[in-house]
Each structure stands twice: as structure tokens, then as C-alpha cells.
Amino acid sequence: MLAFQNKIGKGYVIASTYVSIAITLLIFIILFWYSFEAFKEIGWDLFTRNWNPATEEYGMLSMLYGTLMVTGIALLIAVPVGILTAIFTSEIIPKQYRLYIKSAIELLAGIPSIIYGLIGIAFFSTWISSWFDLASGRTLLTAGFLLAIMILPTIITLSDDAFFNIPKKYREASKGLGLYTYEVLQKTIWPLAKKNIAGAVLLALGRALGETMAVMLLVGSIDKIPDPFYQVTSPGQTITSKLGREVGESAFGSLHFSALNAIGFLLLLLVITLTIFTQIYFRKKQEVL
Amino acid sequence: MLLIIKTSFMRKIIILSVLALTIFACSEPKDDTISVAGSTTVLPVVSSAADLFMKQNPDSKIIVNAGGSGVGVNQLGSQRIEIGMISRDITKKEISQYPNTSFKTHAIGRDAVVPVVSSEIYNAGITSLTLDQLAKIYKGEISNWKELDGPDKEILVIDKEAARGTRHVFMEIVLGDKEAQAAGADLVLGANNEEQTALVQSDAALGILSNGWLNDDVKGLSIKMPDGTLIEPSLENIVTNKFPITRDLVLITNGTPTGKTKEFIDFILSPEGQEIVVKNGYVGISE
Amino acid sequence: MSRKLKNNLFKGSIYTASFLSIAMLLFLISTLIGKGVSAMSWEFLTSESSDFGSKGGIFYQIIGSLLLTLSAAIISFPLALGMAIYKSEYIRKNAFQNITNTLIYSLNGIPSIIFGIFGLIFFVNILNMGISWFVGGIILAIMILPTIILSSYQSINSIPVSYRENAASLGLTKWQVIHTTIIPRAINGGFTGLLIGLARAIGETAPIMFIATAFSGVTFPNSFLEPVSSLPTHILALAQQATNPQALQNAWGSSLVLIILVFIFSISALVRRVQYSKIKY
């Protein structure tokens, strides 16, 4: 009886592991399989500008540009604001309040992305269009800005942890030398916290790259690179937005569907590479404080 | 101790939920659930009709989804739904993609595709355009309203997703090719709803909308014919086919419909159903 | 630039940044609660939706969301638990640990729309399950698997080796050891992870958008293979009509309900984590 139970137990545990591993691999394999046709037929033409299913042209450059640009804007806004705010919560706020503010910020991180999309359409797109006097508030900038708001809580929380976990002795030693707060942070705290904060930024980057709903509603969904290319107050397209809007419209198994899978696969590669890189980066760091 | 109690409590909850789930998942699967999906132009009609039909036939179930005409064709083609809603013709390419499905069409109403502008533009005097002017705007050759004797504002050209019925019909007449690319487009949106929202939010927009969606903030332009006559997007002009951009609102099925599917389609074609068509701003099919 | 000036500039930027963050926080909270509350009523919560969602309530959307999360929980929990136990009890070699870690983190990082596409290809088409809520549950389960595995693993890891040694010295077999000492804690940690995962799952739109949900006409599904409606997809439909005040109001109402559900899950998880951290071995 005992031996039997032992076997079942072991079997269950092994089976669940293999199922979990199989699923992860399956996702990759299936996505690649279904994008294979596009890679074969279209090849390097995938990296052109024109996307037109009717003429079987599938150039994804504008989507790639949009994804990178929107993510870039998000990081540009959220990283400085986030880190500075984290310094505020970890160094300046009295200990009792820190927990409350941190919890409030963490709860913010749990707000579903579609709600950010709603807020974007109801408020931010009109604000941005009147602020910059634009014809439409659905732009790369709007999407980037909203993404920034979405990843801000993550950056704040993790950076705050990074700062908070540095033992008091470092600060006290620096203060004892007569350094200003700024110098204490720059010369002592920052080098120690740097790695963890980098990890937080990478995490936020991963989330920003894969975000669909808010971006889909706000980016304008036009397959074009703005002219001039840095004019982020124009509408554009991202990989996630394209997928969200067109997957339902394409016939399953067609070249169109395969092309969509192809850009999805590229996004997947991008995000997974980032994740694995983050993991290795963190494994190396085993600093003892 | 506390942990173990919690564990068995949780186990009970889990077991109960599994039981509940299984019970109600295994209750008689209604095989005559009718799934419908497709054009957002046809959607309001079918949705209301479904509500009414289900009230009158309590043992029927009709599930309706949006997605656009393209989705309607794709889903019916892959035989996942019983009825597709489209507001354009099925393309040859689409037919060839689904060799195992024989598409049968049932027109249930008529509608116009109207070039629409934000109310500010309409009130500033632009109340009609020629087909040629529309073409130029969508091709990017005209980009400011002042080129059309309007206010000095950049035209916000709103385009639709490529497989949408409303777009196909419009582009066929205006650019001569239903799948033509619009080089002058600034935004690409999806459902009629979304288009309408963007037009309201802007004060210089031009878009493509179904006649049933016009309102005070979204004004439909009349088409100026080559001989100078202005044709308004009125219901009359749709009935008499005078408005140059009109289309049938169509339900598609795989082969001839039978059973509840047939009943539902018949219902929409009945006077009661046609009343719903008219109430939504379209024209009935028999007129 | 003098040292003092630099310091003051720095302080200034800290306060500016924090002010912006907190202002944003307050804006979000006040909007979501303020606008959401004005849309709430008993009727709203218990009636059906109609007319593209601009009229009526969100009863079936709530049911659908709960159904999806419940099925995700039931499917993912045993799998995650098993994997966590395997990882901690049966895998010795570091290399294998690293590989499984990598796989788990990779799964966690996959964008939600990719899950949707995967579900579309594999379940809806290849396995021909059609657009069904059950498929939605499976996909959401896959999505939250890493969260539960990690949480469960963490709590297993916190069990001192002495517990296992004691059990083994009593002559228990490996599985008995696991059964008595490890599983209860694994379940505990896993359940916390489950709550965290569900908080995320209930708000996701992209994975279920084209594989599990429908727009109207859905009440209770009668079988495993029917679509349901859900709160996030409903909000999506409403967001596309943002200039229709009635629709917009319903959107806020639905958002508030969704957020409340999310918070119920995440606050429960938080409470458990705090409680749990107080346990000393």
C-alpha cells in the first residue's frame, strides 16, 4: 500500500512537471510552426514598410518601430520618475507611512490593462490632442505615456526595495564624512542598488513590450512610420496592437495568418531573450552586503 | 494546526466548486445554440432580433459576436458559427480559402455607406463632396479642409480595418478597388462604434460610417454627382438606389439553413424583424 | 555647480517626481471610484446587458469572469503544486534546476496576446474545441502557472531540512514524508500564489478575446464548449464607444466591479503573506 501510494505520488509529481514543461515548449513550437510559411514565402521582405494583405505584402517595419518607440517613451518617462519616487519612499518618508504608500502603489500595479485603455481614451487622448494641438489624440506618444503609467508602480516598488535593503551603516558612514544627501546617494547607495534597479527596469521593459489592450486602443493602428520618424505625436502601429486587431480578421491557415504569427513569434523571441537575460544577470549577482 | 484546518477547509471549497462546475457543465448541451458573428453594421439588428426571438422561443439560444464582416466570413467558413453577418460581398479569395463551405446569402436589409465629418466641419459649410474629392483625400492628395473651401485645418482621415464590410463597399466605389490602400489615412479603426467615437472626439475628421450611425455630432455628407446634383444619405435615396454607395446587409449560412437557424432568419425577414431593421436606421429588404 | 546647489536640485527633482507619482495615483483612484460608483446600482449588477452594452447591466459578464477564473484555478493548482514539489524534492542537479527555472520565468514573461494566439491555434482549431469558456480557463491556467509554482516552491523551501530528516528517521517513505510535512505547506504557499495569479487572470483581455468570449446572448453556458461574456472584454467593447455617455458610464461601473474583484484576490493574498511570514519554524 505504501509503495503504491509512493508510486502514485511520484507519478503525479512527475506528470505535472512534464505537462508544465511541455506546455511552455508547445507554445514556442506552435507559434513557430504557423509562422514558418511566412518566413519561407516572404523571408526578408518581412522587414519592409508596406503591410497589405490584399496584395500579399507583409512588411512589419512600422510595427517593429512602433513597439520600440512606444516602449522607449514609456521607459524614458517611468524610469526617472520611478527611481526618484523610490528614493522618496525609501529614504525620506517616515517608516510608518512607507508601508501605506507602498501598498497603495502595489495595488495600482494590479489594475487590469484594459482599464488603463479606458482611461486613456476617456481622458488622455483628448488631453494630449489639445495640449499638442493635434487632429487626433491617438498617437505613439499617448500609448507610450499610458504604458509609462502602467509600469511606474513596478519600478517604484522594486527600486524602493532595492534602496531600502541597503543597510543603514553605509548611509551613516557617508553622512559621518560630511556628504550631502545627493552625494551619499550617488556615491554610496546607488552603486549598491544599481543591479537590483536594473532588474526592475528589465522587468518593466518586458511588460511594456507585451502590453496589448491599452496600446491597441490608443496608438492609432496605422501601419506607418511617422514622417519625420521622431514625430511621436502621430499615430502609429505596434506588434501587439496589430495582432489584437487583425488575428480575428485573417483566415486560419492563410499566408496572412502566418505573417501575423511571424510577427508574434518575433515579439515572443524578443521578450523571452530579455527574460532569460534578466535571469542570468541576476544569477551572477550574489553580492553580500 | 491552523494550517491543517485551513487546508481541509480549502479542499472542501475546491471539491464543491468542481462539483458545481461539472454539474452545470454537463447539463443538457443545447445543440441548437445558434452562433452568429460578423459585421458591426448588421450586429444591432441581429442582436435585438435575437433578444426578441429568444423571448418568443424560450428554448432557443442565440449567441452574437462582433468582429467585422471579415470575421463573419472566416468563422462561417471554418464552420464555427451558424450565421455570419456581412455588409459587403464575399471576395473570391475568401471563397477559395474555404472550399468545404458553400456560402449562401440572405439579404435582410439595405444600408448606405456615408462619408462622414465631424459636426464642426459640417457646420462650417462642407456638406457635400464629389466622389473624386473623396478619392483624393483618401489617396493623400488633399490634406487640408481649406482646399475644399472649408476651415484651415488638417483633415484627420479615418480609415477602417481592411476586412470591414463598410470599407470594402466604400473603397469599391470611391477608389475603384475594394481592397485599395488609402495612402492618406491617418488612423485605422475597427467597429462602427469606434469610428463614431473618434469622429466625435475630433473637430476635423473625415470617416466612413454606416448610415445607421449618423447623429448630431457625426454628420453625413451628401454626394455631389458629376452633373451637380446633391444626393443626400436619406432613407429614400437608399430605397431608390440613388445614393451611389449602398449595400445589402446580409446573413450568410453554410448551405441552405434548417431548423432553428432557418426560423431565426425567417423571423428577421418577417414584418416584425424588418421593423427592427428600420428602427436601427436602415432600410428594409422588401422595399 | 556647487555641491549644495546640486543637492538642492536633486532634492527638487525627487519631490517633483514623487508629486507626479502621487498625483497620478490619486487621479486614478478618484476617477475609478468616483465615476464607477455613480454607475453602480443593484440593477446594474444583476441585469443583462443590451444595445452594445450601453444599456442594461453586467450580470452575465460577472458570471463569465468568475467562471473563467474558477476553471483556471482548478486546472492550474494541481499542476503547479506537482511541479513545485518535483522541483524541490526530486531534482538535485543544479543544471536541471536552472533549466526549469528558465522555463518557468519564460512562461511568465510571455505576452498575453501570444497566449491568445496559442489558444486559438491549438485549442480552438487543432483540437477543434471551438470558442469556449473551458479553453479560456485552460489558457488562463497556463498563464498563472508560474506564479503558483514559485509561490508554492518558496514555502516548501522555507521548511527546515530537519523536518524532513525527522520524518525520514521515523521510517516514512519518500511520498509519506512529502504527504505529511511538505504538501500542507506547499498547498498553503501555492494558494497564496493562486490568489495572486487569479488577481491577474480575471483582468486579462487579450488571452480570452478571441477564444472564449462572445458579445451578447450569452447567459449561463450549457456545456464546456460555449463562449461566455466577461468583464474585461465588455469594458473593451464599451471603451470603443467612449463618446456615448451611457456606454461610458457603464464602462466605469464595469471597471469598478472588475477592480473590486481583483482587489479581493490580491488583498487576500497580501493578508496571507503577512500572516505567513509571522510563522516561525
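List of remarks:
Each chain carries a letter (A, B and C) given by its place in the written order, and its residues are counted from 1.
As a working rule, a residue touches a chain if its C-beta (ideal position, glycine included) is under 8 Å from a C-beta of that chain, and two chains touch if they have at least 3 such contacts.
Predicted model, so just to flag it, every value in this text is computed and none were measured.
Judged by the touch criterion defined above, the protein chains are all mutually in contact, each touching every other.
Of the two chain pairs examined here, A-C and A-B, it is A-C that is joined by more C-beta pairs in contact. One simple way to say how far apart two chains are is to compare their mean CA positions; for subunit A and subunit B this gives 33 Å. Averaged C-alpha coordinates give centres for subunit A and subunit C that are 17 Å from one another. Under the contact definition stated at the top, the residues of subunit A that touch 2 or more other chains are 121, 248, 252.
Chain contacts: subunit B has residues 78, 190, 197, 201 touching two or more partner chains. Among the residues of subunit C, those in touch with two or more other chains are 125, 240, 242.
Here subunit C touches subunit B in the complex through residues 50-52, 70-71, 74, 77, 124-125, 130-131, 134, 184-185, 187-188, 191, 214-227, 237, 240-244, going by the rule given at the top. Contact residues on subunit C toward subunit A in their complex (touch as defined above): 3-4, 6-7, 10-11, 13-18, 20-22, 24-25, 28, 31-32, 78-83, 85-87, 89-90, 98, 100-118, 120-122, 125, 142, 145, 149, 173-176, 178-179, 199-200, 202-206, 209-210, 232, 235-236, 238-240, 242, 248, 251-252, 255, 258-259, 262-263, 266-267, 270.
Only residues 67-68, 70-71, 74, 77-78, 94, 97-98, 153-156, 159, 161-163, 179, 181, 185-190, 197-198, 201-202, 204-205 of subunit B touch subunit A when the two sit together in their complex.
Of all residues in subunit B, only 3-4, 6-7, 10, 14, 17-18, 21, 24-30, 33, 35-37, 43-44, 47-48, 50-51, 54, 61-66, 78, 80, 190-191, 193-194, 196-197, 200-201, 217 touch subunit C in the complex they form.
Across the complex, subunit A meets subunit C through its residues 2-3, 5-10, 12-17, 19-21, 23-27, 30-31, 34, 80-82, 84-85, 87-89, 92, 101, 103-105, 107-108, 110-115, 117-119, 121-123, 149, 152, 156, 180-183, 185, 206, 209-213, 217, 240, 243-244, 247-248, 252, 260-261, 264, 267-268, 271-272, 274-276, 278-279, 283.
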